[in-house]
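Below is one structure, written out as structure tokens, with a few remarks after it.
Order as written gives the chain letters A, B, C and D; numbering starts at 1 within each chain.
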């Protein structure tokens, strides 16, 4: 991870660590903090704890998002501190969920805009002048357009990939595929590195081809405290604890010192977390997908 | 199949039997011919032999398409006969592959148009005035728009579904999903009816939810002479034979009499085709996808 | 059995789902209400989770909208592009649930900021999928606890359009080609509101123990009251048992 | 070994792929040429099949562009929306192959109709993905057999744009934001053409046995000829063996 972030994430970049509640690559975010990147534009539908940590650590100057909260718990206090009141220091560029998905899709498709039926009669286009109307060329009214989002770097966590970066995911898919195709550089972080044969046995399961991947990093539990379907559960205790940790700059800094700056890498973080806590997050039983037959055609 | 077509396909409908070379539902096309539907608008990227047969049988007044040929072999002569020369009797509405995919996608998404970077400096917008330019609201030029395509009925062949119509496909996906979501009514025809548990074991494999499906028909080999990945191969011999059959109205009519009007249903067609020919189309060996683990979360 | 105001609110919301077919589910109160409805008044209800899951069979109460338990054993998992594009914008959702920090008498909702947008007093989560649900779901049900701070004369920011300025709401929606007809029910901890022909909230049912005075004290405008105002039937023992034993055994949302 | 004109054409096309990375594959001649290149001059070439397959490992020569043998054992299978939207329009394709019924001196192609569009003499297949490849693939290679009927002064219908009117082609592409720079090579059964600074085809190499007279007899305009015109190296025994034994053992495309 150290080498991937060092080589591929630069000061001032637009970075998207995607994953809708599922497969959020906390380990990449922590490495970005450790390496002291600055002036990043962070893009994500739901900033979640990872961007609260990164923005609390001072890596970003701007946030592009659609829903800012600690899901099921409460607020992202580090972000709120820098965007509330008279002198906000974090620039916000705000859309809705579908608006963000549409932006990545336009980026992936090299389109100058994507049309959607959102934003009618809301204050969002006033708050964000990049949300614009566009008339249908068939004379049947107007819809809204959002501009393409092309991150410099997209970071995707996944269950598995081969050494060439051919990546497979199951469970919630979010918009990782769109965000990866839209990006200039792609880092894939996986629970498990598998042989090419495993990927080739089920080509319909591949969501990102190695063709667009610049680095593959193997880091089991790299999405903790979010989750990886079939590997581990969301660590809800941490999401609840974050409410108190993030409420004050001092407690936030102490947490960053202990859990990010205080550990050299993900392996050390996991050791600190403890085997027992990790074990408690494992699924209670396996739930196999079953196998389908592609057939040999010679 | 008889009941599904009788109930859901009406004279004058726009019908899409989709599937890009894979999973083309010939059995539904034959049943539409047998029931004598008229004035249909047939939509499909590649009309393939099935629309050549249907148009040869006189069910259609219009064809919406992007590539008209017998793939890897030659021409669709029945269609050419009614659209060449001084007095064409079949109306054509012509796009490119991506244009057709974009049209279904706009239909599925309830968008008034879909923007794409095709058609620049070609004669296609002149040939089809529904292909129009649209300016980006961000001042960076023009792209082309295509209008939504919302079939009255979309017919999809698939490897398997449950009784509620939750449908799973592997191998080439074409644009069946988009065409199904765009349609008012959906008929799913499957190689195999499976229990709900089989579908629920691998929810990422589901491409069409039962929610939008109006009828599930179980007809193994219903895509012959096209193919179903893992079940049977394309019957290339028939694609080659079609060149001669379709070249003259008399041979075409004789073929329709024998293979469509002359059999009551798909079972009879398959018996006529013979067990040996069917067996020869089976894959030479199985190629299992392998199973992934979704994990139990209690 | 005795019951809390939150329990009454959930039960009342669940009952409103009778006869509905496809429901867009967020986490928290709507999740419990929808699952209660499926177990009682609407067994055929199909649930579509915002995270991209159709036909979920959660083995436990989902803690977040993307809990892995809604994936395992579901009928279909889709990308968010498809979920928002094909299911929601495509018109397949009959009912979407929304909550907010502020609501006005016409059902317009604010979940973005309190104060000025550029320099907010309180930065709220923002739209997420809310503005899309408000525009594209065929109907919108609102669940919110009442207070003078939340039921306001003027919302600070319109995140999700309701009936707009009232009378003109339906016309604007129609002319702009929205699939949604807007909010049809608001369920609070005090009562149930529907919307009258002017697109304004009207109190139709008071929960047991609530009074019109209590309702007036918990909102910033004088509410219209139905001439046939009724009392909400209290939660049945069955309803309460389901909520307490199956849907929220730890009382996270219902205390 | 002796060889046919089709074999020479395939081998010459394969050699042009040296140094290329990602190739969009149609079936037939391009398929054989691309697979030959992968076995010889371009082992790292990545193939993207129009039907939605990336990293195919066909166990036999695919009979159609959607043959099941390109799916089994492939790296990825995608919907056509993604294939055309993310891979092609998104700019990932370095080389696309095209053929056509007619080509003009600027590499503009017709695969739609011979005669008038509304009342055609011959109805051809139409664009399929051809116009998209012509616009979005970074470069286009054309493979076509030459004849006066196919190498024409004026094409009847422009299905796939090449260098447009010649000199202005590059400017128009740039101004309209196309990712593709247009056709760079035309390989025929008689020779290999590149395009000069005016965007016009120029004969750069004659296949063994072909003459400039034969070339002129097989096209409707007077072709520009490179001052350094060379003779194409004949297919090597290795190249021929691969084509005959592995890629087209039944001689479907190469006879």
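Just so we're on the same page, contacts are C-beta pairs under 8 Å (C-beta built on N, C-alpha and C of every residue); 3 or more make two chains touch, one makes a residue touch a chain.
All values derive from a computational prediction rather than experimental measurement.
Visitor: Just grab the chain with the largest centre-to-centre distance to chain B, centres being mean Cα coordinates.
Guide: When every chain centre is compared against chain B, the largest gap points to C.
Visitor: Quick check: how many Å separate the C-alpha centres of chain B and chain D?
Guide: So the centre of chain B lies 28 Å away from the centre of chain D.
Visitor: Which whole number of Å gives the spacing of the CA centres of chain C and chain D?
Guide: 57
Visitor: When the centre of a chain is set as the mean of its C-alpha atoms, what distance in Å lies between chain A and chain D?
Guide: Between these chains, centre-to-centre, one finds 40 Å.
Visitor: Scan chain A for residues touching two or more other chains and write them down.
Guide: 105, 110-112, 116-117, 140-141, 170-171, 173, 177, 201, 204, 229, 233, 283, 287, 294-298
Visitor: Give the residues of chain C touching no fewer than two other chains, as numbers and ranges.
Guide: 53, 67-68, 71-73, 77, 85, 89, 136, 177, 179
Visitor: Could you draw the chains as nodes, link the ones that touch, and say if you get a line, ring, star, complete or other?
Guide: Shape of the chain contacts: other, as it matches none of the listed patterns.
Visitor: Judged by the touch rule stated earlier, which pairs of chains are there in contact?
Guide: Pairs flagged as touching, ordered by label: A-B, A-C, A-D, B-C, B-D.
Visitor: Any idea which chain D residues touch chain B in the complex?
Guide: By the definition above, chain D touches chain B via 27-28, 50-53, 63-68, 71-73, 77-81, 84-85, 88-89, 112, 117-123, 125-132, 135-136, 157-161, 164, 172, 175-179.
Visitor: How about chain A: which of its residues touch chain C in the complex?
Guide: It is residues 20-22, 45-46, 65-69, 71-72, 79-80, 83-88, 94-98, 101-102, 105, 116-124, 126-127, 140-142, 170-175, 177-178, 227, 229, 233-234, 236, 239, 283, 287 of chain A that touch chain C.
Visitor: Can you tell me which positions in chain A touch chain D when the two form their complex?
Guide: It comes out as residues 105, 108-112, 164, 166, 177, 181, 196, 199-201, 203-204, 206, 209-212, 294-298.
Visitor: Residue numbers of chain C touching chain B in their complex, please.
Guide: Of all residues in chain C, those touching chain B are 22, 46, 53-55, 57, 59-60, 67-69, 71-77, 82, 85-86, 89-92, 136, 177, 179.
Visitor: For the complex, give me every residue of chain B touching chain A.
Guide: Chain B residues touching chain A: 110-117, 130, 132-134, 136-138, 140-141, 143, 145, 147, 159, 168, 170-171, 173, 198, 201-202, 204-205, 229-231, 233, 282-298.
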